[in-house]
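Take a look at the structures below.
What follows is a pair of complexes built around chain A, which joins chain B in one and chain C in the other.
This part shows the complex of A and B:
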């Protein structure tokens, strides 16, 4: 798969030296859909802004369609569509004015797609932006992001704050675009069910580094969570050193161990380590995995 | 495809997915298609919806549908005929009998524990099994008649 977007050893810190991204590397192939996950403040937006050329990395390099935003900003922007949670819709009072403003920036514009999306969303060009619902404003943002034949969509929490029905409509449109245009997508989201519907692969950022980068279909078969009473293993380090261990987390009376392998194999391996069979092991849904990998420790009861 | 056929497919291919479940979406699709084939609701030779159709109906990525179809094809349940679409195979794969019996035994234990929990007697459980069996047979023959 030809990479459309490549992050190569990207590091970046805020002013005052707070490190946001530390040596982040991954790439997104042609036609791939990658979900960028992580807690708030882990650098997802910074990474997307680096791909857009809005933020420069301190170290490392980003390549979009094989080019660097440093030297080919215009050529790259022409082929990228971008929408975000707080994507302020500037450039017009009405939907029609806003679209007219946006299309001026691009050489090509897909009128048929624009009309189709307006119809689907039940929007008129005369509608005033300020009068639209939150969900409708996001739909206008998506329309502007895709109608210039974007080859790569960067969506920064595009459906945050929308009600479930509006989120589903947003997903339906994204999936139809995927089917028809074969668009490559990098999107960030906190809605794990949306991620499972749309995503092909997840990249989980934690404290500025890539914690997990894997095909979604393989996550469940290859990673599981083992729950071991802390009474059986006073020191969690015994699991930390087990092969394939991704995290050990104290959760009240138990250790939660996120580890690579199928549940039965993992149970046998860990039981061997502590010479005790009282281990519960299961493949878990993505939401649980997210919490187990990046959630905080819970040492004591309240 | 005429409109009659369209309705027929929606009836025989009812797939529900639950993105938050423990089983990944492509496995949920695989399991339901195999169950529909086993129960006769999805007869041999039946055409399946295209990747695109099913992806839009279930609101999931087209690659997820492709993955489910690819694995079912590798297992010998369905086949893709170039330019025509994907169909349920005329002859289905032979299952490994002893492996399959193991699975059934495990399922039987689960079923029995469920029954014991609800104070349901063995004879009642047998009746439920019989009723379900005849219901599935009837459904299958209805599908056959329609075809």
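This part shows the complex of A and C:
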């Protein structure tokens, strides 16, 4: 699959010495939907800003459509659509004015898509932006971001702050529609329900690095969590060396081991390591998996 | 050019929505009050008011300073707002196009405002049978140039600084030479070279005397226009230097 967006060994820290991204590498292929997951402050927004050329990486390189945002920012943005959780809509007082403002910046504009999205969202060109609900404002932002035949859509927490019904409606009527048109989508979120609904691939950022990068279907079927009583293995390091181990986390009286493989297979492997069969092993929902992969260690238990 | 013009039009429209003209309205109302207080009973709309030149000058003084204050607010807030919203910076245009659009939009709007004020003053002066002297035109040109200088300093500074910081620094850059000159003229600063050095380092100062007394019968000297020209040129150079420096700099969203 031809990569549309490539992050190559990206590192970035902020002035106060906080490292946000450490050697992050992954790519997004043509037509893919990739969810960028991670806790608050793990660099999701920074990574999207790097792709847009708004923030510079300290090390590494980013290539969008094979070009560098450092030198070809305007040409890249011609093919990118961007919408964010906190970005105010700038360019007009009404929906019509905002659309008219945006279309002045692009050589091509998809009138059919614009009208379809206006109808789907139940918006009128005469609606005043300030009087729209939070969800409707997101929809207008999305409409402006995609109607210029965007090849790549960068969405920074697109549905954050919306109630569950509005979130579902927003995602189903917009992102799924766009992906059917072949638009590549990279969206950041920490809502697993969004990710499960949209499918595609997940890239999980934790402490500045890519903790997990694989298709959602494979995550569901090939990663499980084993719970091992700490009495059986005083040192968790023994699991770190097991094949396919993604993380070992101390939680109360147990070790939680996130590991690749089917539950029965994992149980057998870990039992071999500690020579004990008392291991509970199960495939878990994505939200549980997220907590296991990026959740904090409980210091009082260590 | 279309993109710059789109930003300029948006800047003008938005300035009206954002009520950035409130300082202007406030100062204009204050102008009327002060004119009434100062001239009291003599303020009639009869022919040949003896204080007409004074009244019209005061009116233009407040009108132009109100516009200048509006310009400062517009200039120093325009880019911090865009930085917070980020949307404009993700559109396919170079950064200089955005900033140039902001400058052009604000300059057109504020120039129109000054021209309306000047037009009113001319109408009043004609009604009072006062001659329209060259000094009043110098007052108008000074007002227009002051706005340009103010916008050239405050708009690009807003790309890196918060609104209050950009506004304060712009005022500081313009007023610092005058402050040191005042100190030197009162004997509080003996080292004249400091004044000279600061005047060369910060050549943005505009002498506002013609703007403040536009309809009084003062004499226009050629040097007035020359000095204005230099101030405009230097502030535009400052604008270009900042534009070049910030061309590809990182965008801070803290504003």
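The working rule: the second predicted complex is superposed on the first by the 293 of 302 C-alpha atoms of A that agree within 3 Å, B and C clash if a C-alpha of one lies under 4 Å from a C-alpha of the other, contacts with A are read in each partner's own complex, and residues count from 1 in each chain.
Everything that follows uses one rule, which is that a contact is a pair of C-beta atoms (placed from the backbone, for glycine too) under 8 Å apart; a residue touches a chain by one contact, two chains touch by 3 or more.
Worth saying up front: this structure is predicted, and the values here are computed from it rather than measured.
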item	value
Clash or fit, chain B versus chain C on superposed chain A	fit
Which of chain B and chain C A:70 touches, first, second, both or neither	second
Partner chain in contact with A:214 - chain B first, chain C second, else both or neither	neither
Partner chain in contact with A:230 - chain B first, chain C second, else both or neither	neither
Partner chain in contact with A:190 - chain B first, chain C second, else both or neither	neither
Chain A-centred angle between chain C and chain B, computed on Cα centres after superposition, in steps of 10 °	140
Chain B versus chain C - smallest C-alpha distance in the overlay, whole Å	27
Intersection of chain A interface sets (partners chain B, chain C)	none
Contact set on chain A toward chain B in their complex	33, 168, 171-172, 175-176, 178-179, 192-194, 196-200, 216-217, 219-221, 282-287
Contact set on chain A toward chain C in their complex	49, 52, 54-56, 70, 73-75, 77-78, 80, 82, 84, 87-93, 97, 101-102, 104-106, 141
Chain A contact footprint on chain B (complex, rising order)	19-27, 51-52, 55-56, 59-64, 67
Complex interface listing, chain C residues touching chain A	2-3, 6, 10, 13, 17, 81-82, 84-94, 248, 250-251
